[in-house]
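Working notes for the structure below.
Labels run A, B, C, D and E following the written order; every chain starts at residue 1.
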């Protein structure tokens, strides 16, 4: 019983943390993008305003039960990955649900949400949603390959499928995995571009074309939950990258620094890139990133 | 190969040579000629050649017909020894019996063949075997 | 092209055949203990049949002859089956040519003589060269002559088929009687008599006479069928 | 008891066939009674280890049950019984029902026969019975008979003949047909035989298990048989191939000195099968075809697991085999339900059934989640074990391949759900009702079982483990799995229960939040009521996106899919037929030519006589 | 003594001679008599067979002259088995064609005489122990076959028959040449005697005689390329005669060829030769069958192919191989006859006998179609039907002799076979029916005959033990040459009148 309370408590705290950081990052993203494009841009807290606005809006229509359940599905993915990924070294923050052998589980739980959202989007009957979903799923099939390659490379190099083990190794050797397994890091980094769906991989939402794709029929509470989930998920992913490749973090400040610097990469890459078509982006991920992944595996096998 | 072409003993084999030649002629007719009737004739010639061959296998030099006719037996008592002695000069009767059968069979086949030719002529209005091939492949 | 192919094939075939045949010592016996020696002695000795060929044809290898008779019978049946086109009507046969009176009269005169000759040949089959087949063929030529000479010459189909059936049945029954009587098919169950007598050889003359009738009837039937065939 | 079981099935099949002439009710009764009777006898009366033998045709036939075959009979009978109930309703009003039920029961009989055979000859006989009874099903609809039917029977026969050759070789060498003796004498075969016998057997099994490159028959055959049977066809019948493969891999391949090659090749073939099956499934517009290709792909995973052959891999293969029967059975049944209610199975024709056939949707949804391997359903357990076993046994590239296949599988999973159930609701389908209870309940039962397995895979892993012990594996309970915990060789573990509870808790929590907020105000509007670039679609406009659904993705993988195996086979077949057509022209129709042939034959022999008769 | 083997020849001959006479008296008797004869002979052959298996070969002497002087009939387990099979098939074919040519009495008389003689000739080929006598029986069979092939008037049957006759004449020429060569060397015509003295022959004579025998008998046994006549004859003959060809006549031809090769001469290389020639026959025939458009022609090619298979099995040469070959022959006789009998009803309505004309015919002819399907499935060797067991024994025999390649070849050819049979089956059952077709319903007796064959397929399929005992005895008797010679030549002393 005590355990359950502790997990619940941990979950709530982690969620709030992730939510806050995630939303902030998004706001910063908008600001930085604007500055680079020589605009003033919204304030960094603009996204908080948006979320609160959405949350307080009254929703009056829905298109069916799947649309209703879709956001909940997404939340499952976000929160579950947040709960599984250790936030600080040695699980010093709340260990939550972290367990040994979590990497494969993580890989799968991360696709739970997109599929749920896709179902929700499907039921709205909006063709743009469906088109967006097919693009999203296709793109997912693209970036998962280098991502898995990177993970497998790590797994076989260190003979573990546990994130905590990998973090401990980095702490013990004092060497970040991004240096000891550079190819895996490269592959994972490029896969991350796809995960964040910023340009050039933003064809899923493609605002000018698809009216934000899967989300297009959602507003009010649905969009509120989706946005929250997105921000939490973004933070979770960044934390995972930090845990895996950048030695984790000993306290929250370091974590924020590391995650933000990592976050800059997809953000800046996106700002200077045009948009890829779906098949282009899929092929992109099966090109160089996958080659890096392969090199990573070879590296892991022979060194 | 033991061709005794320049040996006079080849003459002794005239029967064989002739029968082989007849067989070949018959076969040639059956295999090359276009007219059904000619083919049937060729088959008949073939039969004749084989019958000749069979008969000549039973040939005995200076042998008599295998018949114990009164003239041959005269007044000899027909003991086993006498019969043996007489029979030594006789040609082999078995091929003759075989040939008899073979001739009859050949005749039967020819009769059937000819009636088939009649049928074919009625049906196709030609006797050219190259034009009678509705059944193929 | 085809001719050359056939000729070369035939050449190879002929050469191989002749090559082997030349190894036969022509005109001499060279095999030992062949069956012919037995036939040559047993025929006059046991069967009391002067013509060894006849005893072989009818008795030693009588089974072949039964088959042979069947072949003829089948040939007739086959021919009439192949040419059969609806029901025959008597006298409705193709007019090939009209014969002159000389031919007609001559054939009429010759006909009994030919039949008689045929009968003689098959009745004396076990004594002299000749026999049922030869006699039967002679008889058939008699009918052929008549059929050629007279456009309206009739041979009764019923009679023909009765004769040929009866003759065939006789042959087969004699064989079966032999089976019942002596334990083997075509067993010579009659007394063999004296060599060179007309009534010698047991069942051999009887069978040969039956064969004669059968061959005669069948060949006549063949000719008749072929002539009588409607276009 | 085995006799009784078989006689019940055989007699029931014949009685059902005959009863069809009398009355439909009688036929249905017979059919159901037979199926239930067989299942009842199997579970209550049959004890593991029992053997019966008798002799026929101077062969000694042996039938018996062991734990391994029990596991597969479980799949056959479980799925068979549910499909039987389903079939009663699904087949109502169709033609030739006696024929259908007869083939159904015979194929159940033959599958049981296969797993219970302890000698090769009855194994083969049952194998062939299975082939032709399922062939009857493939051609039952009468569509594409000449193409798909012939394909199926041709490949099956190819496999069967390979097996027959192997059996003949075994028999010629040990003069016994007992499987046990074959295994025990395997070591004494000559090296060539040691290699070839398993290869020949595996050829037979991989045909039924639809492994590349022998899978060509599968899509057509699966999609052409009536859906009530396809669930058994894809769910249970294909498992017979897996059954045989496991047997061969465990008893023969593992004794080969160079078994690594075998294993690698088969594992890769399995993986390629999975990838190609998935890609082709994505491209389909016909739901039956989609599921058929998906079956091929799923069997590819299982084959990979079997080929790797470690404890965990074998366990995952067995687990996935049963699981595949469950979810693919459910999905084919769902397609059948849709087909029966709407008359079409094309995604481009039917949309928005979710509100009309909610139960079918729920069953499909659960089955799809299991198929995709997403936690918290049973599929994840199988996938996890497979990945871990591959990683632990150092098959890294293989992991990537398998993972690629299963990631891409999400695409067709979504397509299946979206195509039928989501999208805009059309007037055209307004009349559609939920399928009859007899059809829905079996689906829901299986889907429910999938949910349970997600939390308590031990239910199924227990018999699988027993089965593996029969094959000579060490017991794995406790160090590879327990009721709801999974382990890998590195000591990592997944505690399923907290994860599942967490997922359920989070989901419910947010669902409640969503529901409670604005409970009163939120109302349902039709799917026509959307904002599409500011325009509202008219009543007759169907904006559902279903044609060229994954075109961009397919464009991306285009080069891989340019070559289709079946095209090669077809070209090969066409080439062969041309040769055949040419060959038969030997018979020119000219009698003289035939006579010349005779002479040619003679002359050839004459010329070659010294060679031939030397 | 139940009866003597000679009755197998004598009684049908007597009946054949009687039929025209009886026809004058009572027309129906023409149809009944052959059946009675065949029924009696079936009983006789079954009892004799039982006796032979237990007490050994019966050698029947004709005209009281012991072999080698007289002609003899040998009723060994092998010949007995084939005789029984042929008589059985003959009987079933008789049942099937009981109402044949119901209207035209004249035709019926001829049909039944010729059918009876076809069967008798084949039985004679098998039973006789004398090569010339065998030749005579071959001719009896052939002439009946020519006539029966040309039996239907409206079609191209005369063409088929003429081709058959041409090739058949060549066959008899070669047989006579071979007989002449043997006689010139050994002075005897008795098979056992020849076999006993074969070592006295000069080898070139022996080989040439063997080659002539192979060519002559190969024409009857339908080996490639001597089988040009076969498809035409099978396709053009009336349905029951097609069945008789494949069920009876070919069997006799194969038997004669095997007897010559196994018993008469002891030439090396015959087994390999048989295997090669059998495989060529098999492959060419099956290949030709695939693209066939005529149903009966397809069946004919299939039949030729099966005979190739039989010859391959004989070529294996071991006891297992011979067993398999005999089993194949048995099954092929039954199954192919069923296919011909049912197949001819399937295309009865059509003049061209095209396969495309059987579309959807199962709806009108359910039983016939079912039996055809049963036959097809059985002949491609699917268990649990008869064809499987023979194919299986063939494979084990080949495997045991390490002829793996043969297994592969045979099986891949079986695949081809499967394709064309199933194509037809699919058409019969699953193609839309053409409207204008008026099918001919099979008569009761035809259904009875086909049902009997179907029953046999099932019996052998489910209980192969019912025949394997006889087959084993038969295969032993074929391979035991010494026993054959001894049995024949020791028959009695001179039986004199």
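Things to note:
In the analysis below, a residue touches a chain if its C-beta (ideal position, glycine included) is under 8 Å from a C-beta of that chain, and two chains touch if they have at least 3 such contacts.
Not measured: the values here are computed from a predicted model.
Omitting subunit D while holding the rest fixed, one finds the remaining chains separated into the touching groups A | B, C, E.
Counting hops only between chains that touch, subunit A reaches subunit B in a minimum of 2.
Here B-E and B-D were compared by C-beta pairs in contact; the pair with more is B-E.
Ranked by separation of Cα centres from subunit A, the top chain is C.
Mean C-alpha positions place subunit B and subunit C at a centre distance of 16 Å.
The mean-CA centres of subunit A and subunit E are about 79 angstrom from one another, to the nearest whole unit. Chain centres here are Cα means. That of subunit D falls 45 Å from that of subunit E.
Distance between chain centres (mean CA atoms), subunit C to subunit E: 30 Å. Along subunit D, residues 584, 587, 589, 591-592, 595-596, 599-600, 602, 606 each make contact with two or more other chains.
Among the residues of subunit C, those in touch with two or more other chains are 2, 6, 10, 13, 16-17, 19, 23-24, 29, 34-36, 39, 61, 64, 67-68, 71, 74-75, 78-79, 82. The set of touching chain pairs reads A-D, B-C, B-D, B-E, C-D, C-E, D-E, using the touch definition from the header.
Residues 2, 5-6, 9-10, 12-13, 16 of subunit C are the ones touching subunit D in the complex. Partner subunit C is touched in their complex by these residues of subunit E: 4, 6, 9-10, 13-14, 16-18, 20-21, 24, 60-65, 68-71, 106-107, 110-111, 113-114, 117, 124, 128, 130, 132-133, 136-137, 139-140, 143-144, 146-147, 150-151, 153, 158, 161, 177, 181, 184-190, 200, 202, 204-205, 208, 495-497. By the touch criterion stated above, subunit D contacts subunit E in their complex at residues 56-58, 121, 124-125, 128-129, 131-132, 139, 142, 145-146, 149-150, 153-154, 157-158, 161-162, 164-165, 167-169, 171-173, 577, 579-581, 583-584, 586-587, 589, 591-595, 597-602, 605-606, 609, 612-614.
Chain contact summary for the complex, subunit D toward subunit A: residues 352, 354-355, 365, 369, 372-375, 380, 383-384, 387-388, 391, 394, 396-397, 399-400, 403-404, 407-408, 410-411, 413-414, 417-418, 422-425, 486-488, 490-495, 498-499, 502-503, 506-508, 510-511, 513-515, 517-518, 521-533, 543-546, 549-550, 552-553, 555-557. Interface of subunit E with subunit B (complex): residues 132, 136, 139, 142-143, 146-147, 150, 153, 156, 158-163, 165-166, 168-170, 172-173, 176-177, 179-180, 183-184, 187, 189, 231-232, 235-236, 288, 292.
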